[in-house]
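Next up is a structure, given as structure tokens.
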């Protein structure tokens, strides 16, 4: 499989605190990869650094063969990476639909509005209300939905199931599978291990700002012991 | 008053009750005609799909929002029109969905701030800070109870997420509330923290009422005596976890086909 | 003579109209403030200074290059807007990650510096700027003699207000602007060049102030202090309107201009403070302001 | 013959950056310098020094500076003192410290009335002279009903009151008044009130920028065209220059000096112009005159000791290019002739700064209050 | 939201135990200096400095420890000056009673302004206090007893407690010094008290403080009134020092000036505002007789402070290597 995203020797800092200590990882075209790890090991930071939000960084990030280290933040999306942050980032002053329409379309391959509303009927119903008047779960849906419109090639999701009802988690799982069928590449951070095991092709296990293990979904059963020890699942 | 009159010796008494609770935002009814009774020495779960109105119910009960209709009764007093800080002083204390500590204070100070008010040490601007030292003993007991004794002098911002939530529970307990409202206390927690916090909640509920919103159904199954399922602002089902989780309507509306 | 509340109706209508004219300035200025505040979360204390700059640029353009009012009406706001944008880019933009109060304090210092400098260079006395020939003279409305120029101010400021409102509420650019207010990093991560957007916004706000300044030049003397106290009244207008909405800023501007005009008829001593009194009352009843969203 | 500390030091304290900066301002300092130079730079064989400061029209700032000058910098006398509030404050302080002050900038008659000082002198003009001059002229032209636009502070009140009294004594009446705050931008609603009052004359009891704005806007609202007359009660060459002859034409005003009056005044005007780029008004010329007279008084007294100099100042007649037939009353008022002037039409002036036609000369005794009736307790 | 509740991002706790010895040494040195200062400096200048230093400290009590930026503190400073001056001049009160009246008046004004303004936070709060103080300014401009633009002039200093003649410069100086020290002690006690602790927690997380049962508005109002009263103390004394009460002290520029002093010295440090006030007052004194307009300098200093010097003199000193070596740790 052709690698779409290649990260090597990535280090990152928040001011004086050194958070990533040489992250190496690869995400293949069309693959769905999940990063697992305890609270605070640096999962979110990894995603934010790849996006270019955290800019105190060293190492190498190649996206589709292109060096991303010097690309300014507002060009990252145009290169084809879309981001759903952990805190969702719904805009209060915009209506649901304006939120949905906000991110500029970067390629013609995105979903249409109808398709999106079909996936997330809640959003259709609350279309004209201000974004943050949605419940936590609805906000999460909106955050994913709006990226689907833009036609990015790599979707970066930070804990998409946090705070969601089981039915919705299921629905999101289905959405992700559907996206995969369409050839979308997904990089996911998850605490919800059961959910992750249902959708991912491959896992990275993260500890102390580094990737400590990397295995495909098939090896899951024999890895359970280790995961148990590291994650407590 | 009428509500209190019905209590019997067998059944734990009702400490917080709402009748016909309704909240309308513009044309949208987020909470519709909800009746709720929260009992002493019981853990009561409020579950439901996202956007069902759980947080809104919390906001209404704690008076952070004013209900559009309905009444709320706390320990025999009607609090439908009472200010939120007053409600807190009457013994109804909440936690927030997003963690709420005082980030730049030490863990000990976080708890002491909560202890100041019940100990009448909050408005004295002429006393030295050391006058607060007499709160230390109680504060340390509370920290020990939730397993934060070792972090006594750590600045709260430096705590891990899970331990912040635990600290928040400790400060809440400092007020010695009669009723505790917890909004998704386990959200974002790793498994090991979840067990700790479950244990703490179970302990706490021995002598007070707890109402909590939670999506982690294993926790609900584990520690909650009573479950209310909310959907689209209305009560869909009520009962103990076993009953509720078998209800087909609950399964389709909330749990899905398999347990998470 | 017909009387209304013990005042001749002519005088009453005249004051009403004058209130509306003043209201036009309040509206334009509070609109500019609202635009900047809405997107940068900065209370632009230099707004009064930028208003003054607009008038001065028009005056200097005339004195040194013989550029007339009509051209100045466009050129002066552009010049002031560009200067504003440059200040935003080089200085103000460093403060966004800090508490919003620093933006207020910075622009406060900026206002002092600009006004001090102009006062140093041009003295405090006002300089005349004459009404363009096409708008000179006046018409008799029956109840009062309306200088045509003042009528023009009412009309053109209304146009400017509505145009700005449309730009921000009804365009894609507007939704970028509003979203960037809340979470600039994320909007940038979506592929929008946010820093440029903010620079543009500050420039736009400053240009609006300058536009008001050019409009004011033929009415009032062009003086370094012309914006100094005005800005505080405009702050009060903004508080009454509530910071949430652009439309609120506009409507409140006109309303309070009229309220002030009427006070001058009925209780002139209070005309200086009436807006502040209204502000206090509104705050007691609706802390978020008339059009503001809840905090 | 001696000077107390080996030098004579004069302080010019005035508004150098505010609303009245053009009125006196830095140019007054220049005028004082010219006086010292013309005197020879020395008196009683000790050098004469000059310091100056900007009081920003704030009495507290002014009195702080004055106090510091007197306490720590051996200043012997303070001059100019724009704005009544400042002048009153500094005069009180000077009285306490036994120092001489000579006022040219401020207008209020209180300086030589209720609040007079044995060491305080009022040199160039005052509200009474303005009332008599401008007020009187307009009443004579038939302006027998007045409406006042008054600056809302002591100076405005005193100007309004004295003009009003004068108008009434000449058989006219005052139909109303409206007070406006100092530094008002927009006079339209006040003007509208003045207009609907139907008064023949609208008296502007204000100064500086306020007067200029009011005049401009009155034209805009068709007030002058509608037959009402404006009386700019305190208006000088500097403001006319700022407003432009076009807008100011026809205004009647009163000054204690006009550069284009005669050779003597022209000579000073030209010299002043060379140094400052503008022609002097009565404040500038008055400041020159007061400094000059002060130095002469020291020479006459043979000391710079306050009592002696004050005595000399009270006794010496004043006769220079500025003050004709000048004398100093026991209340400190320097009584001299004033001029009733009218602003020329744009075509009429044949050289730059030639703005006025002289309508008449008002003899000092008419222009100023008789010291005996001034209410000053020094006059027995 | 977090932006509006945490008002200043780099407010430090000054309670560094390691520093207490050095701190005490500094304080003693400072005190000794102030005791002998009138022998070397112009007493009026020193008194002015002390008044403004106290004013800035009072202001900082609100900004630095409650996170509320008031843009209307001139109202209390100047208002008290009027009250004191009027009582002393027109009613013949003794100076100490006059000053107490000023303090009480300022507290009442603080209560009224606070009551209205406290409903909004952050920049809104700043704008509202600004507008209300402008309203008070216009009131003073028009009220009879303030004598408008003229101000209350020639205020007698009188005899302290009826027998200490304050017209003697040194007596007046030590009176002002005593008031200054009392003011500082009150502030210090206030900040380091149970009440101060609640204020701190409110600044950190307002919603949480409410949910713990604290009526946030009352605490803020308490701090506001306290700050107003102390600003009034400074203003009342100032009117005796200069024998003057004028509009200058109630203008919004004065409110701006006290912000500058605090910012320049170090927001949230106990002694920073004193240095800030000292610098500003000295600068003004120097510039008052020079050609250069004060406002330009003030403006530029403001901008520079905000852009590169946010911690202020004392804050930067604490954070510097020397400051840390002396034990003034700082944390964000």
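The letters A, B, C, D and E name the chains in turn, as written, and every chain counts its residues from 1.
Here is the rule we go by: a contact is a pair of C-beta atoms (placed from the backbone, for glycine too) under 8 Å apart; a residue touches a chain by one contact, two chains touch by 3 or more.
Listed by chain with UniProt protein names: A, B = Branched-chain amino acid transport system ATP-binding protein; C, E = Branched-chain amino acid transport system permease protein.
None of the values given here were measured: they were computed from a predicted structure.
Novice: Spelling it out: a chain qualifies if it touches subunit A and also touches subunit C; which chains qualify?
Specialist: none
Novice: Can you tell me which chain lies farthest from subunit A, using the average of the Cα atoms as each chain's centre?
Specialist: Looking at centroid distances, D is the chain farthest away.
Novice: Among all chains, whose Cα centre is located farthest from the one for subunit C?
Specialist: Comparing chain centres, B lies farthest from subunit C.
Novice: How many Å are there between the centre of subunit B and the centre of subunit C, using C-alpha atoms for each centre?
Specialist: Roughly 48 Å separates the two chain centres.
Novice: In whole angstrom, how far does the Cα centroid of subunit B sit from the Cα centroid of subunit E?
Specialist: One centre to the other, that is 42 Å.
Novice: Give, as an integer number of Å, the spacing between the C-alpha centres of subunit D and subunit C.
Specialist: Comparing mean C-alpha positions, subunit D is 37 Å from subunit C.
Novice: Determine the centre-to-centre distance between subunit C and subunit E, using the mean Cα coordinates as centres, and give it in whole Å.
Specialist: One centre to the other, that is 32 Å.
Novice: By the touch rule stated above, which residues of subunit B touch at least two different other chains?
Specialist: Where subunit B is concerned, no single residue meets two or more other chains.
Novice: Which residues of subunit D are in contact with two or more other chains?
Specialist: 17, 181
Novice: Any chance you could list the residues of subunit C touching two or more other chains?
Specialist: Touching at least two other chains: 119-120, 229, 269, 272.
Novice: Every pair of chains that touch: which are they?
Specialist: A-B, A-C, B-E, C-D, C-E, D-E
Novice: Which positions of subunit A touch subunit C when the two form their complex?
Specialist: 51-53, 73-78, 82-83, 85, 89, 91-94, 98-99, 101-104, 106, 150
Novice: Under the touch definition given earlier, write down the residues of subunit A that touch subunit B in their complex.
Specialist: 38-40, 122, 126, 129, 133-138, 140, 159, 162-170, 191-192, 194-195, 231-233
Novice: Help me check something: in the complex, which residues belonging to subunit B touch subunit E?
Specialist: 62, 83-86, 88-89, 93-96, 100-105, 109, 112-114, 116-117, 121-129, 131-132, 155, 171, 175
Novice: Which subunit B residues qualify as touching subunit A in the complex?
Specialist: Interface residues on subunit B, with respect to subunit A: 25-26, 28, 48-53, 55, 97, 160-162, 184, 187-193, 215, 217, 252-260.
Novice: Residue numbers of subunit E touching subunit C in their complex, please.
Specialist: Contacts found on subunit E: 3-4, 6-9, 69, 116-117, 119-124, 126-128, 130-132, 134-135, 138-139, 141-142, 252, 256, 259, 263, 292-303, 305-307, 310.
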